[in-house]
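This report refers to the structure that appears directly beneath it.
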Amino acid sequence: MEIANEDRARVLVQALPYIQKYAGKTIVVKYGGNAMIDEKLKDAVMSDIVLMQLVGIHVVLVHGGGPEISAMLKKIGKESRFVHGMRVTDAETVDIVQMVLAGKVNKALVQLLEAHSGHAIGLCGLDGSMLRAEKLVSADDLGFVGQITEVHPEIIQDAENNGYVPVISTVAGGYDGEVYNINADVAAARIAACLHAEKLILMTDVRGLLRDKEDERTIIPVVQVSAVPKLKKEGIISGGMLPKIDCCVEAVRRGVKRAHIIDGRISHSILVELFSDEGIGTMFY
Amino acid sequence: MEIANEDRARVLVQALPYIQKYAGKTIVVKYGGNAMIDEKLKDAVMSDIVLMQLVGIHVVLVHGGGPEISAMLKKIGKESRFVHGMRVTDAETVDIVQMVLAGKVNKALVQLLEAHSGHAIGLCGLDGSMLRAEKLVSADDLGFVGQITEVHPEIIQDAENNGYVPVISTVAGGYDGEVYNINADVAAARIAACLHAEKLILMTDVRGLLRDKEDERTIIPVVQVSAVPKLKKEGIISGGMLPKIDCCVEAVRRGVKRAHIIDGRISHSILVELFSDEGIGTMFY
Amino acid sequence: MEIANEDRARVLVQALPYIQKYAGKTIVVKYGGNAMIDEKLKDAVMSDIVLMQLVGIHVVLVHGGGPEISAMLKKIGKESRFVHGMRVTDAETVDIVQMVLAGKVNKALVQLLEAHSGHAIGLCGLDGSMLRAEKLVSADDLGFVGQITEVHPEIIQDAENNGYVPVISTVAGGYDGEVYNINADVAAARIAACLHAEKLILMTDVRGLLRDKEDERTIIPVVQVSAVPKLKKEGIISGGMLPKIDCCVEAVRRGVKRAHIIDGRISHSILVELFSDEGIGTMFY
Amino acid sequence: MEIANEDRARVLVQALPYIQKYAGKTIVVKYGGNAMIDEKLKDAVMSDIVLMQLVGIHVVLVHGGGPEISAMLKKIGKESRFVHGMRVTDAETVDIVQMVLAGKVNKALVQLLEAHSGHAIGLCGLDGSMLRAEKLVSADDLGFVGQITEVHPEIIQDAENNGYVPVISTVAGGYDGEVYNINADVAAARIAACLHAEKLILMTDVRGLLRDKEDERTIIPVVQVSAVPKLKKEGIISGGMLPKIDCCVEAVRRGVKRAHIIDGRISHSILVELFSDEGIGTMFY
Amino acid sequence: MEIANEDRARVLVQALPYIQKYAGKTIVVKYGGNAMIDEKLKDAVMSDIVLMQLVGIHVVLVHGGGPEISAMLKKIGKESRFVHGMRVTDAETVDIVQMVLAGKVNKALVQLLEAHSGHAIGLCGLDGSMLRAEKLVSADDLGFVGQITEVHPEIIQDAENNGYVPVISTVAGGYDGEVYNINADVAAARIAACLHAEKLILMTDVRGLLRDKEDERTIIPVVQVSAVPKLKKEGIISGGMLPKIDCCVEAVRRGVKRAHIIDGRISHSILVELFSDEGIGTMFY
Amino acid sequence: MEIANEDRARVLVQALPYIQKYAGKTIVVKYGGNAMIDEKLKDAVMSDIVLMQLVGIHVVLVHGGGPEISAMLKKIGKESRFVHGMRVTDAETVDIVQMVLAGKVNKALVQLLEAHSGHAIGLCGLDGSMLRAEKLVSADDLGFVGQITEVHPEIIQDAENNGYVPVISTVAGGYDGEVYNINADVAAARIAACLHAEKLILMTDVRGLLRDKEDERTIIPVVQVSAVPKLKKEGIISGGMLPKIDCCVEAVRRGVKRAHIIDGRISHSILVELFSDEGIGTMFY
């Protein structure tokens, strides 16, 4: 659809109150899923982030990279193994995880943001000891899967103060000198809390929380975190949504104003969320 | 026309390169004509300016106020008299000019910008001795009509550094302690030059420079200042356009990158000029 | 009287402890009455203020302008009407009030201070939304007479930090978009409180608070605010002094160290107040 | 050997003039060879760098990683192929190079420096568009081997100003959106020049420039860059030393005060170079 | 003993954790005794201080000067008289004390530090009214011997912020305009407390606190201030050690982390104290 | 003479243009002669300096101390010997000079300024290596009389930036580690030049330059430095005035705007010079 210049100007002006609302605030975006694979969606996300930076929003981009890790493991003849959705991570695997996340996915995102005239810097949990972790306690031995014990946000804040969008891979250093693989949703929630973020946005491949999983029209736009236990009991929150919504609840409990599950398959879903009254996806507060 | 959220996001993203281009730059807008009378247009201009401020453009708003001055003079039973388009300004008149411009029009614009969540401060040439003037030399005695002898832009820069849009009335102090009425287009050009502005935008009630005054489709979009003398000789630049285009030429000669004559009757004409490739009106460089 | 150079030097040196006492402190002066009409007194006040600025005192000048307003109203054939000393202010009148105060009186003071080599900036309650007001509740409908609901002193502080004496007209914006006329004494007291001023000085046309109104020798030099109710009951505080002294009490109650009623008819009365032990007029603390 | 406390103090004090000489200066260290493989040497290098940072020297650590790259390539069943000492780099290889350098070697060094109580940040040429490159022009098609066209040192300087040792992997972004592999010695020289470094130190696995390759006692301690052509003609500079010494000459020509080839097999060779009069290895100036 | 370069480097690296521990902290050194007389020891102290300054420690040097004072008094034919170890100080004597301390000893130390490439400034208690005092109350009239009533550390902090080592003579101004001689140990303790110093180091001519005064091997390395009364009762703390240890206790009680009595007769005793685990002398905490 | 409050205010206001003229400028005062001996004059000078500091003038006070030195030398039984007005200074003498100037006179002035509520710091040429000197070359061996080879004004500027009046004793460090006695007039001239001072004021015990030495009414108020040789030839400049006027000429030649010889026997002579049109004494430019 062709949009006339005057309409364009009107759209810009209508964005004003939203820009004013978020200027100077920190928004942590967990980037993953289709939005990270489809080239057109990827391009839209990069544009959204550069625009946010330009109007004065402090964006922090936390990314995953499951498919790329699996592909690389396959290349060296190693099969990916998962327990309850978590990757079993032996020493060789955590090495590959670190390389793929911090060396490939991360720096490729930086390169893309710079190509969109943004300013970006690629960091991981090891830089400035940003994330410290210990072995995740669980029934099954998952190897070098870690849980965060400390977040040192100074290096993120330095990056922001210098005008860069920090792009973050979620591997962390252990007290034993080892490296641990950290779930990116969880890390994003913890980082958002530490930065006193205004929003945590988790990009997923679903519309949001649906009352009836088969019907996207049953989306629940707003959920108070106190209502989550009941929704779990009713089975409305279940399956893959469970850990994601737990991250949202955790973030809100630790002081993040609002946490969102949005549909990364929709182009410019971040901007739509930020710059419209109705928003998109499901918001937790 | 209703615009879908995704299209809105796309419009925002397409504004990115223009925002990047002007962020941190100074743009002086001479505000006047219909855009200052029609309530809807006025509202659009205020929105445009607050948006520009928000995305990091330093806007300086220089305004006129002829109709309000005439109305007030009429109220005290005094007729407005003009010679070659310039108001004959006796002592009583210059008093009214100062009151109406610096006390009413100026502060009302400040109030309006603040109501649009902008930050604004109302100044005139007397504040911080911003504009110094002497009596304009002309064939006819025009009274207290002045020509600028000095511009001290510090108070404008202080206002910008503190985050306010400076709104400026063009009365100036003379070395004799008198106040002089200054043509607002001329003052805007001089201020733009002093601030090393990226752009001077003169809002008028015409489409721009037309090759055939009767046909708006004959608009000349771009004019090199070196071509102006020839256009004058051909009679294409004539009448009321003469002094306005002289201001544009003067501004460019003194170092302003580009000067524009735009049509204030078109809603959001400033944003359209800034945020589209084709622009609007006539540009001088 | 001719004063020898050595005596001049001695006078300067004797001013030292007073300068040291007030350097870096804020002093709000409400300027009005004869000191604003008589040219010689006016000149002395301007000198006093520039000197105070130079020795490091932060002066804030709040002014009235009743006579000029009445004169302008008369010019447009409108009579001034007062109820309990307050001007009945219809829509047309508030327009004139704003023009005369913010456009004429204010900017003329700025021009005068600049002519005395001071640095000044003319502001009103609309600039930076400094003063917000609502309609004054009173038995009689006074029209657009307002009472202050919010003071935002940032724009005053910015002006001071940039080295300008802020000169302030007391019109304020309402939440309804209207402009309200504010009593200048009241506004000065509120501004002084907001700025944690060291002193509020109200320039009047009386010697100070007199025990016997007919005898200037009965001046009461110092009054504790707790003694004011008794002085009112005794009739010593009455008539036109009532609202002025209420302002002093209000200012002191809100944290201003000292409030003074001084006689603006005495040349350099501000400096005499500041730079002598005995002071001048009546001090409230 | 046990050293008595007083002797220790004496050693510290004797380091004084050297510390004073380099405090506030930038020293670029190209880290590679044995010093990067042997655990004890590695540990000594990390200590040296943290000490340098602590006494106020701005250290920039540029690293290679040939052996790790070859190992990873081997793991995916790909053979390393070299032409004139340069790795032939197809698309799959450059991907591995980026991952291994920026994701593994780089972040492991950061982790190690942090473990030594240093502050470090891992960067590559893509971060903040630090290094831009184009395909290296050469007789043989080397694939994605690049030559630097632009260095943007701002991100390095930001890191230093924030108190981090920048650890840099030498992959660079092309104008075509591709990633190019850059020779680390060459990149270190260019970065040193851009930062107006006091010194460029290339850590190698040789004693320095030897007059007789078989006899380490024939080391040439100091070489003026103008003498290099003659030394080449005489065959004293030849083989693997050729490109390294070209880097030294290039750095000096572009304004680096001194360039050094030191023997990374000697423990604490960097400190010995900095903190003794005789230095170590061969110095070019 | 000749120390090899590699050993030197190792010594430097081993100092790392100590440097990291004290960088940015304030250490007040009371300088006196043999270390101030013996040229070689003096030289070592100067080196130690310049090194400390260089690695980011804020050193404050408080000095005495008893022997120089006695020598000068003798020169003018006046005998030194002491009561309980305190100099009886008549008007003529305090004059000499001030001259010798602030004019000779102080400035000579400054000159020496500057000769060691340090940056130093010589201050006394009169500069910036750093130390205010009144006559010491005591059984015997000691004349112009004072006790500190106020410490104004701003001038010391200014000196540090400007990069100078403050060298301080302990004469103080009285409220009566007189000058008082202050015990340097006491002054150092008070200054250390005011600066929230990490350490107070008193340089003496003894090993430390000895359990058996005749046997240096009985040194008590660490004493909790709460144990001091008992040690006094046991006679272990007695004689000349009494006032020195009282200073240590006073300093610790007022917030100084640790106070040390070290043996100034050992070369580089300050560095040995700071840069070894076992330290030297006796530490109070 | 009793001066009325209003007259006092008038005097203050009349000082305005002078204060405005010198605010932010540096004025170096060489203090000596009667003004340093007579208690009432001394008090007046202290007041003048504190006032100057308060109104924003950067005062630097350079002092002599001949009489105190002679008195001290006499006390130790040593006679003062002069050649061409310069003190013959053996090793023992220079020691006394340093002690008396830097330890007694200097700090006593600091104490006095502080007692007048000023902020002062006592420095000498050794502090921060402010003055470097070598032995003065002259026909007669004057011993440790030096001539300045370098001025490092940083420590003076640091003192000013921190808000202290620097009080300076003119002893300087030699490259040989010795201390040299420097003529205070000469040092003041060199310091004034280095600080790009607006004025150098030499306080003397004469009216100024007199055409007829016997008649104070023949004072020459203004002298261009180019006229000095002629005045010397005519014998008008002769005797003790010769070196003082040479200092003035030297200062002006090195860029000081104006140099003054004023009569320190007149109370507040500095303020009279600064704050009146006619000034006092003789001005060189």
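First chain written, first letter: the chains are A, B, C, D, E and F, and each begins at residue 1.
As a convention for this text, a contact is a pair of C-beta atoms (placed from the backbone, for glycine too) under 8 Å apart; a residue touches a chain by one contact, two chains touch by 3 or more.
Everything quoted here is computed from the prediction, not taken from an experiment.
Common neighbours of subunit A and subunit E under the contact definition above: D.
For the self-contact between subunit A and subunit D, the two sides draw on mostly identical residue numbers; the shared fraction is above half. Put simply, subunit B has to spin 120° for its C-alpha atoms to lie on subunit F, with the angle rounded to a multiple of 5. With centres defined as mean CA coordinates, subunit B is found 46 Å away from subunit A.
Subunit B and subunit D have centres, each the mean of its CA atoms, that are 57 Å apart.
Looking at subunit F, no residue sits in touch with two or more other chains. A ring topology is adopted by the chain contact network, closed into one cycle in which each chain touches exactly two others.
Beginning the circuit at subunit E and passing next to subunit F, one meets the chains round the ring in the sequence E, F, C, B, A, D. Of all the residues in subunit C, the ones that touch subunit B in their complex are 72, 75-76, 95, 98-104, 106-107, 110-111, 114-115, 119-124, 126-129, 155, 158, 162, 164, 171, 173, 177, 179. The touching residues of subunit C, counted against subunit F in their complex, run 1, 3, 5-17, 19-20, 23, 44, 47-48, 50-51, 54-56, 116-117, 266-268, 271-272, 275-276, 280.
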